[in-house]
Amino acid sequence: MVLDNFKSVISKYDVIFFDAFGVLKTYNGLIPGIENTFAYLRERGKDFYVVTNDASRSPEQLAQSYVNLGIEDVTPDRIISSGMLAREYLDLKVRKGTVAYLGTENSAHYIETSDLKTLSIRQLDLNNVGDINALVFLDDEGFDWNTDLTKTLNLLRKRNIPVIVANTDKTYPASKSRVSFAIGALAKMIENTIGREFIRFGKPDPQMFIFAYQHIKNYPNVSKQDILMVGDTLNTDILGGNKFGLDTALVLTGNTQAEDAEVRIRATGIIPTYICVSAVVE
Amino acid sequence: MVLDNFKSVISKYDVIFFDAFGVLKTYNGLIPGIENTFAYLRERGKDFYVVTNDASRSPEQLAQSYVNLGIEDVTPDRIISSGMLAREYLDLKVRKGTVAYLGTENSAHYIETSDLKTLSIRQLDLNNVGDINALVFLDDEGFDWNTDLTKTLNLLRKRNIPVIVANTDKTYPASKSRVSFAIGALAKMIENTIGREFIRFGKPDPQMFIFAYQHIKNYPNVSKQDILMVGDTLNTDILGGNKFGLDTALVLTGNTQAEDAEVRIRATGIIPTYICVSAVVE
Amino acid sequence: MVLDNFKSVISKYDVIFFDAFGVLKTYNGLIPGIENTFAYLRERGKDFYVVTNDASRSPEQLAQSYVNLGIEDVTPDRIISSGMLAREYLDLKVRKGTVAYLGTENSAHYIETSDLKTLSIRQLDLNNVGDINALVFLDDEGFDWNTDLTKTLNLLRKRNIPVIVANTDKTYPASKSRVSFAIGALAKMIENTIGREFIRFGKPDPQMFIFAYQHIKNYPNVSKQDILMVGDTLNTDILGGNKFGLDTALVLTGNTQAEDAEVRIRATGIIPTYICVSAVVE
Amino acid sequence: MVLDNFKSVISKYDVIFFDAFGVLKTYNGLIPGIENTFAYLRERGKDFYVVTNDASRSPEQLAQSYVNLGIEDVTPDRIISSGMLAREYLDLKVRKGTVAYLGTENSAHYIETSDLKTLSIRQLDLNNVGDINALVFLDDEGFDWNTDLTKTLNLLRKRNIPVIVANTDKTYPASKSRVSFAIGALAKMIENTIGREFIRFGKPDPQMFIFAYQHIKNYPNVSKQDILMVGDTLNTDILGGNKFGLDTALVLTGNTQAEDAEVRIRATGIIPTYICVSAVVE
């Protein structure tokens, strides 16, 4: 496996899309040295965005988490989350009534509007579901799995409403050697059981990349050939980036380990344009 | 849809296999009149068995639940449960060490032997899993879904051990209008996430029917053509019975409603030999 | 089921996206009266596009097929096909070498460029595949299924290259009572067998809708709320339109029959904004 | 990876089940030295059976193929094929009328009875299908894929009949570096397209193992613990053997290469009791 130098790679592109987890940070903080990458981007005037499957917080809160780690570059306008797509969907397609949600109260604030109320699955009364016009899976925390997943299933048996999954990931790293279930896995269990089609937002779905593309500064005056997607996961970051027509760089600091990379590329047929040790500019 | 008379149908067979839920009983007791069916079977000397996807209790305890409802005919030797297959598997293939399980303590007693200890996922310490030689999904109760499903996932990341799903059902009826998740749905979520093959016992798998067949009194002197499988669910009872070579009767007192039966038979291609209103002999 | 009047429905939108098969035409010609719909659109100055899962011909050839049926309104610039997405992908991501294809020679002309040669799977020599840089599934005709599907499988065992499926449909209507396999079904068989991820273009994928959206005359000065997607198939036209944020109208002249519509909407959870008898303005 | 000595392994068992392809023979003849294994079994009086996913020929014809290669030990009574299960199913569940089939005429002879006619899909007239009571997938040869797979799909749209897949394999080796599609892959494509449940016979399904078990000489006086399943494929031979309660030996002369064995065992969670270089007794 020939490894590419990350600095040489990004020097060829005008705009960089970064995945967050496993690329910029991990369960216990920033990837060491990643501040150099932001300095390089600043210096060269390159545009960049963080494209993340996350609906647990608003872009402002996600940006603040970088500030807390000492990175000022990741401002809210540079964050594209799958939660933003869920919100756009509700704006366009649901508009009024109440949206039931699985997640924390904090995750729900972002999708609330003057016309659209939100109601935690915890508070939902199954005998009173006539005004529930949509259901959104936002976060794996904020509810009791034993009682509230069952409540969700019974809600859907009573109401044929749009169901939005605002983060399709199945797991996330919780510590060096442990993972946790993400909301995408819980949503999939309910989708398989009820047998209906849920609306899923998040990489590798092209809608995530379209949304990011439309948010870049010089849009639409940037060709897809001038954008690089950087990620640690073949079947979200790399598959999605490739399909959207972007060049892609796989980094080995997250889900794909150096010793597995070649085997997995061969097994999946998902081929990154480049493979780099990390997203750190040295 | 032409409906067949249940009494005429069973009169043609020597041995009857019954599904339990939706055929003999529901969430709130026996199917009204089902005692007539047992009286008829007794009178005519017909052999019968209850073939059920259930690993929450031993055959003795399952039989007692019929006694509690006033039915003395369903003795422990007439009960064939998917839990019995799980136990046989452990006897044959695991033999020693510790089996971790998801379920109540009660569900675990049945699989315990002098050589094989059991340990609830609740008690399991992820830092001490070296002697865990198998994992069994028994029941949806007896553990905390938020913490213990995640613990299960991490156990499997540490240990490549056989995983047995002792009940493949995804849901069970909890009341007139509500369903609950069965352990099969939770197991499927973890199987999809970890990407490994679990060993699943329960209808429609033929091993369930083989096991029942080998338990009948006059085995092996009964032809498959003299056995009828009676069930309420097309894709477990009827599919499994058909595939094993048995004639099958669909009853409309459980999962398959009268108004949907024809549509679902056409959609699934799972064709029962007979369709009857219920398993009640009138 | 309350049916909506198609004329009233489209009067509320500035831009209409039409599926082709089952909406504008069928296996044996135009939907009777559909010329009135085009007259209405012309008269009111409404913009419209035909959004079709078809990679068998170029937009020019597809437009000509409407001219042959007496409709002059469907000019090449009004046609958005999944084949156009396949071509864009090759332009952006493959660029040079040879693309092997399954389909007719005619289907391949459209993806050929000065830098990118095409080679029919018929002509491909498995001992000489070093310069094959991509594989595209274009059409179910133009090759021998017995020998060439097997050749395709062996090509992919030799070369880990991007595989593009330019039409995800599984079947298409061949006559009043017969269907034929579309190339999407053949591609799926090979994808399942080889176990790799193919790149699929076509509804319900959002990339198809963004491509159409970017081609409309007043883009980007048209809101998604002013666009209506009209289709006959819940899990392509309606699911895809909904997810992209468009209002959707299901018509009953194609894949979804009047007697099944309600059952299928309930079963799939794919809910159109409107249901109309047909796309004919009366 | 610690390799076990095949002779030591089989010395511990009374009955050996062998997979055929990749274990006893390959595309171009016997595994070199396999005659020693048969000599050893003969000498020690061990019982053995060939358990194969093959419905292309009768047990007599399959046995003859070993005679042609110089092996006299594999008599017809020692062969258990998935085709035998298909035949039993038809005997028990279809009984009369006509069975349409995909395969060679030779493959059909074996399922023909005095009451049950067979008709090749080639000869089938879609306007005259009223007496077709079942459809069987037997072999990938003997019909034209372009026209006859489509004919099969349309037959199933007209008739809701049992569909039997008598070999679930997706591919088979055709030469040192090439594979061919087996009938299981074609059947799966049609099953996915029509959306119905087909009845599938073959490893890893337990019905295959119970059928073999019931055919052994001292049945039922042989414990499952005295039987060893030897195979080259994790998700058919090893998974099925394990689930049925048998000990299993993976050999590295077929589908699973020495360099991949450990990775695939870890990835699939399918764990053989032993791993041996080959099934040759040295």
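For clarity, chains are labelled A, B, C and D in written order, and residue numbers in each chain start from 1.
Operating definition for what follows: a contact is a pair of C-beta atoms (placed from the backbone, for glycine too) under 8 Å apart; a residue touches a chain by one contact, two chains touch by 3 or more.
Keep in mind the model is a prediction, meaning the values are calculated, not measured.
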item: Labels of chains that are neighbours to chain A and to chain B; value: none
item: Chain at maximum distance from chain A, centres defined as averaged CA atoms; value: D
item: Separation of mean Cα positions, chain C and chain B [Å, integer]; value: 44
item: Gap in Å, rounded to a whole number, between the CA centres of chain C and chain A; value: 28
item: Computed distance of Cα centres, chain D from chain C, in Å; value: 39
item: Chain contact graph, described as a line, ring, star, complete graph or other shape; value: ring
item: Touching pairs among all chains present in the structure; value: A-B, A-C, B-D, C-D
item: Chain A - residues contacting chain C, complex; value: 88-89, 92-93, 156, 160-163, 194-199, 205-207, 210, 220, 224-225, 235, 239, 242-247, 265-271
item: Touching residues (chain side chain D, partner chain C) in the complex; value: 126, 144-146, 149-150, 153-154, 157, 170-171, 174, 177-181, 185-186, 188-189, 192-193
